[in-house]
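If you scroll down you'll find the structure; I have some questions about it.
All chains are identified by letter, namely A, B, C, D and E, in their written order; residue positions are counted from 1 within each chain.
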Amino acid sequence: MADLRLKNVTKSYGAVEVIKGVDLEVAHGEFCVFVGPSGCGKSTLLKMISGLESITSGDLFIGDDQVNHVAAAERGLAMVFQSYALYPHMNVRQNLSFGLENLKTPKPVIEEKINAAAKMLQIDELMDRRPRDLSGGQRQRVAIGRAVVREPRIFLFDEPLSNLDAELRVDMRSEIAQLHRQLGNTMIYVTHDQVEAMTMADKIAVLRSGLVEQFGKPLDLFNDPANIFVAGFIGSPKMNFIQGELQGNRLLLKNGETIELPESRFHLTDSAKVTLGIRPNDIAPGSDETHGLNANIRSVEQLGGDSYIYAVSDMGDNITVHRPGQVDVSVGDKLLLEVDVDTTHLFDTETGLTLRKNRTGNTSEATAQ
Amino acid sequence: MAKTLEFLTRTRGHGKLHWTDWFTYAYLLFGILLMFGPVVWLVMSSFKTDAELDRFPPRFLPYAAQTVELEGYSKPLPLYKVVAGDLTGETVAQVRRIGLTSQVVRLDAPEEIIKINLKDREPIERISIATENYTDLFSKFDFLRFFWNSTFITVVATVIMLIVNSMAAFALAKYKFSGRAAVMAMVIGVLMIPQTVVLVPLFIVTKELGMLDSLWGVIVPGAATPTGIFLLRQYMLTIPDEILDAARMDKASEWKIYWRIVLPLSAPAIAVLAILAIMWRWNDFLWPLIALSRSENFTLQLALNSFQGEMTTQWSSLLAMTVLTLLPVAFVFAFLQKYIATGIASTGGK
Amino acid sequence: MIRIVSFFMDLIDIPMRHAQKYLRGHTIAWVFLLPNLVLFGLFAFLPILLNVAYAFTGTDNIMLWDRTYVAGDNFAALTACSNYLDANSCELDLFWRSVHNTLLFIVLQVGIMVGVSLVTALILNRRIRARGFFRSVFFFPVLLSPVVVALIWKWILQRNGLMNAGLEQLGLERVIWMLDRNWAFAWSVFLSVWAHMGFYTLILLAGLQAIPRDVYDAATMDAAKPFRTFYRITLPLLMPTMLVVMVLALIKGVQTFDEVYAFTGGGPGSATTLIIQYIYETGFAGAPRLFGLASAASIILAVVLAALTFLQLKFTRKNADG
Amino acid sequence: EEIRLMCSSDGNECEAAMEIIQRFEADNPGVKVVMDKVPYKAILENLPVQLAAGTGPDIAKVTDLGGLNEYYLDLAPYVDRDYWETSFGDTLNWYRSGPDDDGIYGMHSQLTITGPYINKTLFEQAGVEIPAADADWDTWAEAARQVAEATQTPFPMAMDRSGHRIAGPAISYGAKLFDENGDPILVDDAFTEYVNKFVGWHNDGTMARDVWGASGGTSYQDAAQEFINGELVYYFSGSWQVQRMDSSIGDAFDWEVVGSPCGAAGCSGMPGGAGFVGFKDTKHPETVAKLIDYLAQEDNYTELTAKSLNIPAHSGVAAKGVTYIDASQKANDALNAWGAQVAKILPVAFKYQGYKNNRAMFNITLSRVSQAIVGELSVEDAMDRAKEDLATALAEAGK
Amino acid sequence: MADLRLKNVTKSYGAVEVIKGVDLEVAHGEFCVFVGPSGCGKSTLLKMISGLESITSGDLFIGDDQVNHVAAAERGLAMVFQSYALYPHMNVRQNLSFGLENLKTPKPVIEEKINAAAKMLQIDELMDRRPRDLSGGQRQRVAIGRAVVREPRIFLFDEPLSNLDAELRVDMRSEIAQLHRQLGNTMIYVTHDQVEAMTMADKIAVLRSGLVEQFGKPLDLFNDPANIFVAGFIGSPKMNFIQGELQGNRLLLKNGETIELPESRFHLTDSAKVTLGIRPNDIAPGSDETHGLNANIRSVEQLGGDSYIYAVSDMGDNITVHRPGQVDVSVGDKLLLEVDVDTTHLFDTETGLTLRKNRTGNTSEATAQ
């Protein structure tokens, strides 16, 4: 049974249509992540679910009830605001306990829950401070704590970990995952962090300017992006795209080279303009000249454990190559890149839709205008 | 009707009316009655003649006796309806009244005088708007001159006051300097002394500064009001310091910060103070009365109050003048009140 | 207009920039305070000092230099009382009657004023239709001059007035309001609340605007009921503004004069004679003008008021965020 | 030469005077008279301050006649003393500082007299005989009560709330107000007797409590509205109300001016009013004097009186009688009836009106009698307090 | 020549000492990144440099001048606030132009700069909106824009990209890097993002509770962490730590197994308690039982291009393994892990200091209490 259902929901601020018709079903207990470019409407959608923003048109169901007009307080959700929205006049403890007090939770229970949350969020030393005396990350944790102590039916998180350091972020991720397991409630989670999205989500909804581009399991989105946008958005660094034209089952690149494509994987229409998508992982310096791409190294990023090589192909496409470990190449070097055709993606250049055959069935939905 | 009701009761787009909504509308309705009713009454009254104003019990609408011009009578005669006796139901004109009898004539036979009992007749009245209350004002004195004086004083004094007060409020709200507490105490201290009491000393000071009997003598002494400083300072306290810091990073001088950041962000408080300042200056009576003695410098309020004599007050003129002086401030209020709702509801930060 | 002001304001920037260079840290604050302090010094302090000087002089001469020094005589006269609670036992019984009246008056008036203004501001801050109109409705009485305010309510409350007509409609007895000490007092309180609540409502409205919207959103998500939202969010965050309102209400409350004077003249008897009326009648309207006595009374008033305000600030500081 | 004239009025005195002054300007090229029409409050409260500070006008129409004496310009050097003495006689004293002063300071332009109006129609309806001209207060009270009862009128009697108004009856009852040395005493037995009666009438409902009982301090309160609305049988006020009675009552009922009721000492009202004075500080004393003198000329004075519906203080004008301009027959009659009352005013009343600290006495009377009426003080206590108040006031004023 | 120099700088809020004595020299034109756990004092340090927070003790030099008491506006820096601190009453355009107007820049120049910045930040469509009508990420970009248009001598960025999506973040990263190249000015940059820190920095300062733990080049920090804290903090996922005791040149683990350590790399003291640090990249399922660690898989995170295996060793240590691509293991599986001793790190358990020999010389500084 769907715990949360959006039916053709839209939202306009005056003349600006921000949410353009979103359909979504989130089952009970599911962990659903919203991703999408900055400004695409994630927060707005969250606020509409919470009841803080009115719904311009369409229906919102929580459980079996249409709740478009149910007041936010009555919906039984908890939310972590992107802007934190802490109570400036209350100390951390009061910020955390306020919601519970509203629910007439007995004092000792409140105490207990708050202490547990504070420990989990590593803010137990800060309980008597006001928000303005906290660092950015500390504030963010208080904001999380405020939602967490409530243990509501549905959790809404709006980029809750954006201001935390890597280590803490990993900790929090697992704490939230554990909380989810423990409470078994539905969670809607907005993030810009690929790792968070991929690792925490049961389902990911990819939004673009007010529309859901694809909604499905993380790996399905990664392996089976419905369109070029999703392909580009999921996975970091971003997928490489090379324009070309089909000639039978061969892809003719602009520089005249051809790449042979496995007919079994793609719907191929002769002389169609297509875009080849190659993940930075699936392209590597090689020696086989048949599938090779000539490129010049533009820059190199060494992360220690991984390296990214940014190169420009002789057709002018930007190509990113991901190598584990630390590489010893330098800017300006020539590079012969080998593409693993078995893991490539192919898209119709015009519509952006994937040309892949036998797409995994459990991708619930795939929309693209 | 249903539509107006719907219009009035629409809330934030959520269907049902919460009890707080009911309370709100009940309160507002009560508010209109209690707060606005008397004001409406005042406006209606300003259209009444002095005689009608003296009347018990007062009536809401201005009435005046209906009269008729009849041949053979130099003055218009008042009309009456006869309620008892032979002429019951007829409309007659009264020629004169003697004791308990009234001499009346039928309208179609103005020559024949009939005597009827005083109690048997009722005056016929109709709504009549005594616009002369207003027109007289313009003819009686130099309305435009007083209007200009009042406007000049109000505008200049308000601008000076807003600037000077907001500067001080800014300093008191946003800097931590030694002496702040002392200045703050001083500001509040000045509030303690009622204006009435210091009028004479203030008069002496103003006289020594040679500002007496000029518009500046009214403008300047009132410019530094403790109320304004106090009000603005408390409001400025709520502006996050971080925004000021951002401006400092943008190389804004402290003056720029005051003028371009803090002042606009205090718009609601400034609007409130502007409304109040305009009102104070416009309605100020006591100080102009003592500071101004030449009628060419008089303000509207002084002129208005010249209807108050030792033993009698010409209420009809006074009320008309009140309404007339009320209008500009009412307009200013209508214009400024919307700024009260332009708060920094969201700071655009985190 | 705005542009002209802008131009001048930008001009001031140049000297201010230089001043800033030489004034370390927060000393620049004094530059901002300067114009105000000058005006204050000349038109507030100097008169107050003169007023203090008056308090130590006698005779009915108006100009200070024509008056004779009487030391503390005026204060002595004012405070000559065998029992401060019984005005009849005092040398200046009218002064003490007015003090008693004023005390009762402010207790009632300040409480009611703050409460009513707060409720009104909250209601006007809701998302209602025609907000501007309703704001005007509650503000209009503030625009009326005291004389007119008093006149209107005299009309309504007179023997044959609207109020009695209403009572008769309801089948009740007429009340001759102004003849009854308690009613006259109650109506005076009402009148001053009626005439000034718009002022405080406006201040509170502005204060409400300074509360960030998203804090309310957070409270909504925390399932706070309206009352709790009010107590725990609105009220504490409104505290700086409430402070303004409370202090001003107290101070202006004690200084209430015009409208009550025009309304009851301080009567019946001295039932609604407030302290400023006493000062006014002694020092200005009276004959002979006892300026010294009036000044002394005003100084006593200011001292008491300062004490009250101080207490009030101290008390609310604790609640407001310090 | 610019002459500043500060004027406040209850009716159209200022405008009427201005018309005459314009002729004066025409006769005296180079003289410009500017009239500053101010609220009465300004005359009462601000003028003294301005005069003390030396920023006052050249001429003003004042009511605190003796109180401002120290600032007056003596017109004697510039005017015909005989003409003034014969024409204005008694009222000249009012502007003087004391018996030894023989300066000519002010021209009394507006003479008022206190006294009662009655609602004649109510008397007729009740069938009660209107008491004779020499009837005393008790008779009137009794008659008014009967009328009120018979006609179900709410109030039998009312008196303006003013220390000046109650002075007339008290004087009629024999109140001396001053001792043998001419020093003010205010309260004596006769005064107390009248106050006692007065308070009694308030308590038994004869007097409308709403007037004296509903107000406090020294605030002025009249009962004209009640009278106009036929709710009052007998209204003790003064000559200045004529115009208002005439226009507001219309023909709703008949009203009449009757003489002040009599007491042991006589049947006196209180004279009063306002007059034009010049001030010492003026730069053009001669012009000021000339101007006031011009206004005081008989024909001008007549015109002023006729236009402003006042009782003449100028004996010549009074003797000739005044035909009031723009007044109805009724008002005309009433004004002349008031004029006739001047003769009945007792000397004490004149003296009281001319005494420079009389406003202090009026105020004291007013606030203390009010307190007695509402029961805050007994009559005895109130009178004791009044004596103390007077002593304090005189002490301050005398310094 | 150092463009920015901090000498034993401290900061206290009342009794709380937040910065405990920081020494730092940033050369002109250097890109310096501050990293550290949430609440360690990064923002505070930035604000002290900017002049917005007073310095409790110590000296701050910009160029050759001691600027402790120079007003913020006079220091010629620009800053992106962690909380944005946009001017709420100005629209985006005005927010951007305000700083330039203060510098009396001519109108057309302002116009030009703003438009360039807006294009770069992809906010050109939002120029007439007020901050409150923007999404979180859009606000953040405006905040960046406000600093960027100023082109100051020193830039201060406080987590400027935390609310942007991956793609935009990559764009912005390269834009900022380009800006840095172009202007050649000094940049101080606070971030929680490992990739940003590693790729953008010339130097990284690792802070912990008000102290600089290490200051050096990114790869030096990664390869040569001065202590266990830096080792754990730099690199994501975090380095694995295994406790043990030295026996000659062998490390005795708690479960009795031993690992041979190359003496050439470490200072080894017999029977010292040490901690072995192994990067998730340097540990892999293997077959060689000599160096093997037995572990149970606790959870697996599949990011699409990478996978993380979280396991618990038989000694109870948490071990993270990073594998490229998508792995096919499941929770509960047993795992035999092989450690590459040539890339391991060794720390004194008690002091936390590294035991490595021949530390790279160009690590300017390494402090640890």
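In the analysis below, a residue touches a chain if its C-beta (ideal position, glycine included) is under 8 Å from a C-beta of that chain, and two chains touch if they have at least 3 such contacts.
Note that the coordinates shown come from a computational prediction; the quantities given were computed from them, not determined experimentally.
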Most distant chain from chain E, judged by the mean position of its C-alpha atoms: D
Most heavily contacting chain pair (counted by C-beta pairs in contact): B-C
Furthest chain, CA centroid comparison against chain A: D
Chain whose Cα centroid lies nearest the overall Cα centroid: C
Chain A and chain C: spacing of chain centres that average the CA atoms, whole Å: 58
Interchain centroid distance [CA atoms averaged], chain A/chain D, Å: 92
Chain C and chain D, separation of their C-alpha mean positions in angstrom: 37
Multi-chain contact sites of chain D, meaning residues that touch two or more partners: 44, 49, 53, 229
Sites on chain C at which at least two other chains make contact: 20, 25, 62-63, 159-160, 212, 214, 284
Chain E, residues touching no fewer than two other chains: 71, 73, 82-83, 134
Footprint of chain D on chain C - complex, ascending: 58-63, 66, 68, 88, 93-94, 159-160, 176, 178-179, 181, 184, 261, 264-273, 277, 281, 284-290, 292
Touching residues on chain C, where the partner in the complex is chain B: 5, 9-10, 12-13, 16-17, 20, 25-33, 35-37, 39-40, 42-51, 54, 62-64, 119-120, 123, 126-132, 134-145, 147-148, 151-153, 155-156, 158-162, 165, 194, 198-199, 202-203, 205-214, 226, 240-241, 243-244, 247-248, 251, 255, 257, 276, 279-280, 283-284, 291, 294-295, 298, 301-302, 305-306, 309, 313
Chain B residues touching chain E - in the complex, by the definition given at the top: 240, 242-243, 245-253, 256, 260-261, 264-265, 267, 344-350
In the complex with chain D, residue positions of chain B that touch it: 50-51, 54-56, 94, 96-97, 99-100, 141, 200, 203-204, 207, 212-213, 289-290, 293-296, 298, 302-303, 305-312
Chain A contact footprint on chain C (complex, rising order): 212, 214-215, 217-225, 228, 232-233, 236-237, 321
